[in-house]
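Multiple structures follow.
Each of the next two complexes has chain A plus one more chain, namely chain B in the first and chain C in the second.
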Partner chain A sequence: MKLKSNIATSETGFIFNPSTGDSFSANAVGMEIISLLKKNKPLNEIKKHILDKYNVDEAVFEKDYDDYIAQLQFYNLIDTM
Partner chain B sequence: MDKLRYERPSIKQMNAGLMNQYGLKTEYAPVLDIDGVPVKKIISEYGSPVFVISERQLRRNYQNAVRAFKTRYPKVQFAWSYKTNYLDSVCRVFHQEGSWAEVVSRFEYQKALRNGVPGKKIVFNGPDKREEDIITAIKNDSLLHIDHFDELYLTLELAEKLNKKPRVAIRVNMDTGIYPMWDRFGFNYENGQAWNAINKIMASGKLEFTGLHTHIGTFMLVTSAYAAAASKLCDLAYNFRIKFNKNIEYIDIGGGFPSTNTLKGSYLQGVDTVPSIDEFAEAITNTIVNYGFKPEDLPTLILETGRALVDDAAFLLGTVLATKRLSDGRRATIMDFGVNLLFTSYWYDHEISPAQEFTQNSEDMVVYGPLCMNIDVVRENINLPLLQKGDNVVVHKVGAYNMTQWQQFITMRPKVILIDMQRNVHIIRETETLDYITELEKVPQHLTETNL
Partner chain C sequence: MKKDKVIKNKSDKIREVTVALTGLNAIDSPGPGVAVIRCLKEMPDFRFRIIGLSYEALEPGIYMNDIVDKTYQIPYPSAGTESLFNRIKYINEKENLGLIIPNFDAELYNFIKLVPKFEALGIKTFFPAMEQFEKRDKINLFDFCKKNGFLCPRDKTIVKIDELKIPAGKFGFPLVIKGKYYEAAVAHSYDAAQKAFLKISSKWGLPIIVQEFIKGTEINLAAIGDGNGNTIGAVPVRKLYITDKGKSWAGITLEDKSLIELAEKFIAVTKWRGGFELEIMRTPEGKPYIMEINPRFPAWIYLSSAAGQNHPAALVRMAFGEKVKPYKNYRVGKIFIRYSWDLVTDVEKFQKISAFGEI
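Entry: the complex of A and B
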């Protein structure tokens, strides 16, 4: 799972795709995942990071993560391999 | 170290088109209580889903409507439209306030009697009055609103048989500039049918002709249609006075005022587009007052207002069963209530509020009910906070037609509770049970054993 390389992000949750001109905003957890994806972190590291930091069950997060990746795909922010 | 509060990850496209001048946040300010009773407490005590009715709002709506008409016209009488919501407790609140009953079937008629309405304060409308219904109505001196010639002839026959002079009115349909015109009920004004019916009634000498009735449609958005209707009924009343040298006792202008719900497909919120009761009152009473009757000849004005009195007094509380993503990427939220309980979601974009605090993040979604049926869509598109399983929501303005047209389909109907003026909570209809639902079923002998 890889974020498209040209996607620009800001600390405040703003995401910009220069090739389409679309801009997006993400909530806190959404933004953390995007920055980790940008650094090419694997899923287990992303998961550990979120579970350590936020009050959430592993099962819940896994389900939400899959759903979030589906959203990123829908918005064309991820390279489908 | 304490962990941070988790919210499921979410991303939203920023699109200028989504903003409108009324702001984005209207739909997701949380609603935590109803008349001061916490939503969470109601759900934990009475279950989910559950209908909640505010007695305070029922009375407030009624008193406001009465004020709007009585400050403009000397003789006003409301008759509660049973079909709009015939839960006994709701009807009784209106009867306590002074409202008569308006019914359209034997079942509703009997309900009104049981609610303590004297027969002579029951307006009996509708195309379906059976012989025994008409007999009962005649014996009780109710106001029989005749719908068609077959009913007129039957009433004449029964009046003779019973040797009583029933009090009758005719329902009149007419062109009020509204399309489609409701011409299937009553006698037409423009083609002379209504005048013809009046003449037949008078010629018979067997009926007491007391009033003129119309109901021009429902959720009417223009006051001019009521001015047109009132004017046509006044014309009949005026000609009646000239020809028979008698006054019409009342003009019944029916129901049809809109509630502040938002009709499907309309861009603006209902609250911003719907004329107020005062504007309707002005159009109707102005027409009658200025028609040319002598003050002592002015007819009583009867109103059968339904949805405008009850819609915003009721809420449906529910719970998120699941959230999922559809094949095209849209978010879907599945609630524990659907079109089985919320019949009016076929007409309205019902406002839905979360019942707990959320962050400012939100997403577009489709809201489904729990039925295993494709038609079970509560909202095709709504922007709400990031709901998850177990969260509670409040659906607004569900008081009209849902608690009468709800279906016992796939699931059973839930409790209805009333919050009274002192904020006490009363169950006014219990949750249905399997025994209640199957009580009327009969299984033939050869099917008693299934032997699987």
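Entry: the complex of A and C
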């Protein structure tokens, strides 16, 4: 799973899909995950990164991560492999 | 031998041309004239004297002194070609016109008919031939699309209100009720369809086109063809803000190869000459339905120039016989946001255009 190659992002959390003209804003953690997806990091690495950095329960992270990915898929921002 | 109306100045670099344009009504449903002029003014090797051609005394472009140098009123399209030609002939005698760019659908029929006469006066044009113009007419759109493999909503042309029953039964609701030239309404019930029929037919006449409703994202595409089947430029835009008249009030350029290919296919099939706009509805499955084909530049055409493709500039060059290299790129993510501005002028100017038909 990776972010579509033409998706533009900024450090401030702005996400722009040039194919549809849609734009979104993500919070800091959302942007961190986006930047890892951009680097084609697998889920286990993303999970490790977030769990190491933030005080969050693994089960809670996984649920929130799945929700987030579902949203990115719904808005046509990621390629599913 | 015809006199060449492109005058090269002493430095031999800047060419001076007098160009006449319509579409100066920069109102809530704006004409493209002012935007086209803005594009022309960005051509570094041309200097234009801009002659506005207006239909009504309150078209804002008439009073924009930094945009339009002089304006002449012209007769409404219903007055016919002879009346239009006599007026253009008079204007040409005073202004020595080099080029005419009509910007309204409803007037194009008369302008196309007059091309040979304009040429005889030495006035260049660059718009579609009658055959191309009629093929993409709302009334013929479905057949044109079917024949050439484009997706298009099913439609039914009607002249009586009772005939609404046919498309209502065939397509179901909602339905899109469209005027021959302008205006459309989405009707969710038979009552609403009847109201829309009466409202639009009283304003724009008959027939009325009843179209199947297609749900999706509204995309517009401005493009220009060279008349030989080649695409000179194409820029797709997603409408970001839509007025209650269905007009774009803000839009953003998109990156989408399939939309560019759609424009290229349309130009190849029709050998389109000049600028045009495709109105597209992209379904959630990504299928592009052609809703309308407007045979002139859209009112947002300045965005194409800002994004790197100056279509009106390409039109001018082709009209004067230059070989134009097709645009290959444009900047994605360029946004236009339309705004209104209160232009203040004096009643004397209004009187002048009203009484004398020129200012």
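Heads up, the rule we're going with is that the second predicted complex is superposed on the first by the 80 of 81 C-alpha atoms of A that agree within 3 Å, B and C clash if a C-alpha of one lies under 4 Å from a C-alpha of the other, contacts with A are read in each partner's own complex, and residues count from 1 in each chain.
We take it that a contact is a pair of C-beta atoms (placed from the backbone, for glycine too) under 8 Å apart; a residue touches a chain by one contact, two chains touch by 3 or more.
What you are looking at is a predicted structure, and each value in this text was computed from that prediction instead of being measured.
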item: Fit-or-clash call for chain B and chain C when the two complexes are aligned on chain A; value: fit
item: Touched partner set for A:N6, first chain B, second chain C, both or neither; value: second
item: Which of chain B and chain C A:N55 touches, first, second, both or neither; value: first
item: From chain A, separation angle of chain B and chain C (C-alpha centres, steps of 10 degrees); value: 80
item: Chain touching more of chain A, residue-wise (chain B, chain C); value: B
item: Minimum C-alpha separation between chain B and chain C after superposing on chain A, in Å; value: 8
item: For the chain A and chain C complex, residues of the former touching the latter; value: 6, 8, 16, 18-21
item: Chain C - residues contacting chain A, complex; value: 217, 237-238, 240, 251-252, 254-256, 332-333
item: Complex contacts: residues of chain A adjacent to chain B; value: 15, 22-30, 32-34, 52-56, 61, 64-65, 67-68, 70-75, 77
item: Chain A partner contacts - residues on chain B that touch it in the complex; value: 3-14, 325, 328-329, 359, 361, 386
